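For reference, the structures are reproduced in the following blocks.
Two complexes follow with chain A in common, the first pairing it with chain B and the second with chain C.
Presenting the complex of A and B:
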């Protein structure tokens, strides 16, 4: 037997599908505004087969991941240094409070002026989008771990590198994944909007560009198919990959808490 | 509540929803405003004249019609298409290819008038480039959007010169003309800009910039750059339709006469020197006419490349 929540969800989804289909077939809307689901699913199949939708999705994902690794390294360095150097700590805080509320897409025009329509510009915006949430989470986590083990560190005179490898890193690993999760969702949304509005990724291979291009050819079914692909990627990453609980099992660091 | 009851309620709600949406579309609404959309560039100059001289207001008044006139400027054609489709626009001015794409996808719209013929040029800064054959995969071509007239002109040239219409389709950078100028000025040598007046002369001011392709050479014949389109709904409101058409005709005539006042007006709006504008009009770099040319050429080419599903006849393309 299926569990109740699953039944509820399936029921809700089928209701939505029925409403959509009825509106598409009997509603007053032209196909170009409201294509039937059959057309959308067909188009999705065609896009996967003919226009390498999967490759486009992989491309978008890899840009976000590269940006995330760069941001994670910068964030980790800044927050580790911040523990011992008040100058860095204060100014990281200052930068964070100034830059964090700026959406990546708002920076795009000025970044284009400085760096042109290059992949460097793209990466700068991605790093901007993902760096600040990571800095926030990591700084808080490191401060917490630092004060918790402050006396232990002083009493046992643990050397710097050992402190990092045996206390700080294991202590913050869960927060790192939480930071990754927030960074991913910010980065993913930024990437898609940048791709859609400016289409500046050199090879035009992202999902945002796909939707943009389908729009230019008035292919509404193709646009909806692109949206489905984006939603699927989003769900996969946000609810599967970056759930910290799943990683604890592998890393086994929960004993610290 | 049992599952059956819930399903019943849902079903009822659905029926209500669909019945409601059916009602709203059939309700007759009295026309209270005319919404007109154009884009960036000198090719839309008659509309600026119409706006500044109040020519449409005069025509509407002569016909005893009282409506508000709303002007909107869009950065690309697909937004015009979408606005029209969702009922937010009466009259739009676009290039022939995006109009054809809309028609092919079921839009009930046709051309009611030509507007302009214009020089359209692909401009490069890289001194190693003399033609399309010299472009590498590193080069980027800035143009308003995929499927725009600039894109189709590029495809036509790519086919005749390199035998592959899609040669540069992965190297497009979609930007509106004004944004394109900024990107072209500040960007690297790898950037090219496919644009129209007055943006051509702005681009050519950049160090080393020169034209490597002209639209006319791609098409191989004269063609209309921008056409006026409207949906059946507006066409059927004959009084409004006729008023707009005659206001447009008068605006085009005003520019053709080329009085000093008109030149001053346009040179202020487009921020180009009056002499340059005068020379453009004299040398027919840009010209204005209601006549529509080149429809067959675009329709056949876009069918051949698979952008359109069929070749359209003139009756299917023009209102009368």
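Presenting the complex of A and C:
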């Protein structure tokens, strides 16, 4: 039996589809500007078959994932060092408060001047977009775990590396996934904006470039198909991969907090 | 009686607040010393100072050499339930965390002592409060120290369970010739368990 929220959503989507189709068929707009959904779906199929849409999506996703891993490693190192070194803790806080409000796209002009339209420049923007939310999440999580088990660590003289592998990392694993989720949504948005400006870096191009490129051909159905692909990737990652509860069950740390 | 620890003229303050002023105390060999007091009277602070976790004080503390001879963790502690076990480790792993070299048979005999041998593969979420504290006691005993520090370990347990664990502490103390310093705010617990009781007043001057 279908749950009510699913029914509500399907109902709402059906209404949207009907309104769209009515506007496309009977509205004042030409097909080139306002294509029907059938045309959009056909175009999506063609993009998948002929323009390697899946490859472009994979390319975009891989850039976000690489940026995310780099950001997580830097964030973890800064947060861990911050527990023991006040100098690192204070300056990470300072950098975070200064850099966090800066959208990645705002850094683009200066980064392009310094590094050109290269994959390094793109990765720098991506890391900037994802690093700071991860620093905030991991710093808070590590401080919580550290202070909760501080006496245990001190009384039983647990050595530094064992502390990391047996207390800190398992203690913050759920927060790491929560940090990934935030980083993903920031990184994904940033990447698409950056791709529109960078176009093709090396031999690869992503979804952002695809919709930008479609505009040049006045291919509205293609642009809409690209937006659908972007939304699908976003939903898949946010609702499937980064749902921390699924990982909690897997890792067995459900009663941590 | 021979003292294991002797504290003379201990002064401790947190900011402007004086916690102890000229506190004198001796912990004797193979006794259960209960430190009693209301919240904020400095019970846990005193335990932390004894355990060498806090060195920010004035006064003298003498510790018998035998406390640190041949052991890497001279002052093992049993904590309150909330800070006791790591939830992502099972019973055996929680003990191995503090005693990585411990042999399986020694570990199992420790768990038998605290009646937890049958639950050695269980995770803390599968254990009751009393069981968790039994594991906490086994973990402290795994350090083979001559002294056991206990910071309100049974505070969250009900009366029956508390009495059982108090009996367990008494049995272990006699069998292993242990010295126990036990912190509580419960008068009945102090009277039932302690060979000697000291009361800390909120403003000790």
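The working rule: the second predicted complex is superposed on the first by the 250 of 257 C-alpha atoms of A that agree within 3 Å, B and C clash if a C-alpha of one lies under 4 Å from a C-alpha of the other, contacts with A are read in each partner's own complex, and residues count from 1 in each chain.
The definition used in the following text is that a contact is a pair of C-beta atoms (placed from the backbone, for glycine too) under 8 Å apart; a residue touches a chain by one contact, two chains touch by 3 or more.
In this text, all values refer to a predicted model and were calculated from it rather than measured experimentally.
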Partner chain(s) touched by A:91 [first = chain B, second = chain C, both, neither]: neither
Which of chain B and chain C A:32 touches, first, second, both or neither: first
First (chain B), second (chain C), both or neither touched by A:157: second
First (chain B), second (chain C), both or neither touched by A:119: neither
First, second, both or neither for A:218, with chain B first and chain C second: first
Per-residue touch tally on chain A - higher for chain B or for chain C: B
Partner chain(s) touched by A:77 [first = chain B, second = chain C, both, neither]: neither
First (chain B), second (chain C), both or neither touched by A:149: second
Chain B-facing residues of chain A, complex: 15, 18-19, 22-23, 26-33, 112-114, 116-118, 198-200, 202-204, 212-213, 215-219
For the chain B and chain A complex, residues of the former touching the latter: 10, 14, 17-18, 21-22, 24-26, 76, 78, 81, 85-86, 101-102, 105-107, 140, 142, 145-148, 170, 172-175, 182-183, 186-188, 191, 307
Residue ranges of chain A in contact with chain C within the complex: 148-149, 151-152, 154-158, 162, 166-167, 170-171, 251-256
Footprint of chain A on chain C - complex, ascending: 48, 51, 53, 72-73, 75-77, 79, 83, 86-89, 97-98, 100, 123-125, 143, 149
